[in-house]
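Have a look at this one.
Note that the chains are named A, B and C in the order they appear, and that numbering of residues resets to 1 at the start of each chain.
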Amino acid sequence: MFEYCVDPSVLEGFRWLSCYLTTGKHFLFYWSFLTVLTLLAVTAPTALAFGFGGAMLARGPAPVSWLGKVYIMAVRGVPDIAFFLFFVIALDQGIEYLRHMVVCPDWTDPIRQGNDFIVCSDAKTPNNSADQIYHDVYGFFLAVFTYAIVFGAFAANVLFGAMQAVPRGQIETAEAYGMTPRQTFWRITVPQMWVYALPGLSNLWMVLIKATPLLFLLGIEDIVYWARELGGTKQAKFTDYPHGDWRLWYFLFLLVFYLAFTKVSEAVLDRVMARLTRGQGTLGGTA
Amino acid sequence: MSCTQTILDYGLRAIGIGERLLPRTDFTLCQQFTLIGSGLIWNVYFAVMALVVGFFLANAVAMGKASDRWWLRKLCEWFVLIFRGSPLFIQFFLAYFIFLRLKQAGILPFLTVAQWGALVVLILNTAAYSAEIFFGALKSVPKGEVEAAEAYGMTGWAKFRRIIWPTQMRLAWPAYTNEAIFLFHATTLVFFSGFPTWRQQGDALYYAQYFADKTFNPFVPYPILAFYFVVISVAVIGLFGLINRRLNRHLPQAQRPKLRYRPQIIR
Amino acid sequence: MKKLILTTAAAALVAGLALAGSHGETVRMGTEGAYPPYNFINDAGEVDGFERELGDELCKRAELTCEWVTNEWDSIIPNLVSGNYDTIIAGMSITAERDEVIDFTQNYTQPDPSAYMAMSMDADLKGGVIAAQTNTIQAGFISANGMTLVEYATPEETVAAVKSGEADAVLADKSYLAPIAEGDADLMLLEQQELIGGGVGMGIRESDGELKEKFNMAIQSMKDDGSLNALIAKWEVGEQF
């Protein structure tokens, strides 16, 4: 990065550190913060949409509601690690299988040959020869989708509860005004439920932030991956910047990052919540 | 080898009873179910111990957060922020690091072993999350109930124990159920990051990984693991539902479901 | 009958097209990027090491365009058979179990013995505690031989365990431990070694015979002209051929 970084072994102190912290590898580390933040920004609304869908299903008539309830129960019941460890490969194979059916209808070879999963090269997602950036974007998309499914189930649970919590009187009033169930749902239940859903959703957001260290299981090189990689002992043979086990410092840095992020999120959500609970007759309402 | 024999050999493998060597070839479904189930002993141990101890600690911290003394309040707030605000992944790493240093200094050497060290981390972690839930519930206790208690001449401890605390628990219970489920899930991180596994006595995820690694097929062991955890979650929801029924038994029937869906803080 | 011939011809045509298609296609090389000297991420953030140099040379000789991909060690085989990359070139020993699921090219290193590293030369291996990375051949070896095994998630932590006194020794590939022992005055390699794994080869899908042949020929040509030995000497990954 800097001109004096040509031979770091003769540098000391601050100059050495300035070179060390600006290696290409460190830029990948800094870049991964952006990846994680982008992922959070994309996943949160997607998961909310999944949650809304799940809650609607769970409220539906009998056979449909089972579907929604099974989704909520099954995904909530499974630790996210266990889910991440096999789901992404399955999802990827599913997508390629569907594309294969559409793109290569004349293909005669079996798709499963022994252990191998083989689709025609046009159905490979993304194509083998595509730029690495497409592979990265595709991996990112898979991760967002997987996180959205998991956190969608939790969001569905929260929203389902919130919809039930809308006071019966309001629904009855709507009915008295001659609204159809559809109108009641969209004009009364949905606008009213957010007040009840916010505490649950804001906590879900906190959990989502703290689930990001598992991203490396989905093939995304996230901040914890790089902290581990950069902090590990480096021998002089393989790097210009040999050092001992520095993982402690990298992890402490991550700790500060996560605490700050949580604190900021909390402050914002608290303000929203304070607005919503103002004037309610509880111990908190007067505090 | 019959499945009964496999269960006898490996059913308690996770706590060091039975066959010393793990299966190495010809993996059967029965072996996978048995060993992953055996590892579940550790998940249940960690979760139950942490829940029981954490429950009391959480109540204390929630009261501390609501205290009039500013230093106590700040202390509790920082405790909750640190354990709620950082990933468990990182907590385990840092805790193991600190426990190692302590051991080298001759203090509490047993903490480098997962069953004590990881348990301490899980207790503190769940206490922080539960304290936030209980604190939120405390804030939502209807003012009318407190005023009624005061009108009866109740003060201090009696008011808290007989009026505020029961209502607080009632309000917190649905969210606390979620916390219990999450805690069960969190136990899978113990050996996954941070604490070492001794003599191949690991938790359910450890054995699932073992089989995934040996068979090169993630589509069998991980769904088995998932199945076990769904069963546990159903059991937890059932058990906590019973307690919830007891907590709310004095309320009119129609009002119960409403309380159940009180929007609360989940983890 | 006529129809049958037609379909066969069509199948042959499709197969021919597929072959032509795969010829110009990029071959994706899957590696771990955390196992020096075989493969690691260098200061610039790129895959580097013995296998990087070897792989680039092999691709040149086989006239293939190659792209490097990193993947977690735990899921490196499932992702290969699922088609997310086309080869595994990650210091993977050829073992009978792995060979049942994927195919290997001929080995490009000699079998690398596993070595013990400890804080003193007279560490007690039989009665002491031996550290290894979770689910490695070394971990299996230690437990099969009745020694006390303690497993850590990453190789880094196994070395740290020895330094902190949690374990008396660590068992891992010699070429991984050697540079660490060299760089740290407290740590030393013991004389006792274990021959657990076979040589290292490239892992390739069983259905990908053509690609395997190409790499086999390229490896053979590097063995024949001595360039492979030069690479092995440069990166110190065991005996030469």
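One rule holds in what follows: a residue touches a chain if its C-beta (ideal position, glycine included) is under 8 Å from a C-beta of that chain, and two chains touch if they have at least 3 such contacts.
Please read these numbers as outputs of a predicted model, since none were measured by experiment.
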Original post:
From the centre of subunit C, which chain's CA centre is farthest?
Top reply: B
Original post:
Which one of the chains is closest to the middle, using the mean of its C-alpha atoms?
Top reply: A
**OP:** Compute the distance, rounded to whole Å, between the mean C-alpha positions of subunit A and subunit B.
**Re:** 22
Original post:
Taking each chain's centre as its mean C-alpha position, how far apart are subunit A and subunit C in Å?
Top reply: 32
**OP:** Would you kindly tell me how far, in whole Å, the mean C-alpha position of subunit C lies from that of subunit B?
**Re:** 39
**OP:** Could you check subunit C for residues that touch two or more other chains and list them?
**Re:** 74-75, 78, 81, 101-102
Original post:
So which bits of subunit A are touching at least two other chains?
Top reply: 85, 89, 115, 247
Original post:
Residue numbers in subunit B touching 2 or more other chains?
Top reply: 192, 209, 212, 216-218
Subject >> Residues of subunit C that touch subunit B when the two form their complex >> reply: 74-75, 77-78, 81, 97-98, 101-102, 131, 134-135, 139-140, 143-144, 146, 148-153, 157, 161, 164-166
Original post:
Residues of subunit C touching subunit A in their complex?
Top reply: 10-11, 14, 18, 21-22, 24-28, 33-34, 36-37, 40-46, 48-49, 65, 67, 69-72, 74-75, 78-79, 81-84, 86, 101-102, 154, 156, 159-160, 179-180, 182-183, 205-208
Subject >> Residue ranges of subunit B in contact with subunit C within the complex >> reply: 20-22, 24-25, 100, 103-104, 112, 191-194, 196-200, 202, 206, 209-210, 212-214, 216-218
Subject >> Residues of subunit A defined as touching subunit C within the complex >> reply: 23-25, 27-28, 85, 89, 92-93, 96, 106-108, 113-121, 124, 128-129, 132, 135, 216-217, 219, 221, 228-229, 232-233, 235-242, 245, 247
**OP:** Over in the complex, which subunit A residues touch subunit B? Could you list them?
**Re:** 73-74, 76-83, 85-86, 89-90, 115, 154, 158, 161-162, 164-165, 195-200, 203-204, 206-207, 210-214, 224, 247-248, 251-252, 254-255, 258-259, 261-263, 281-287
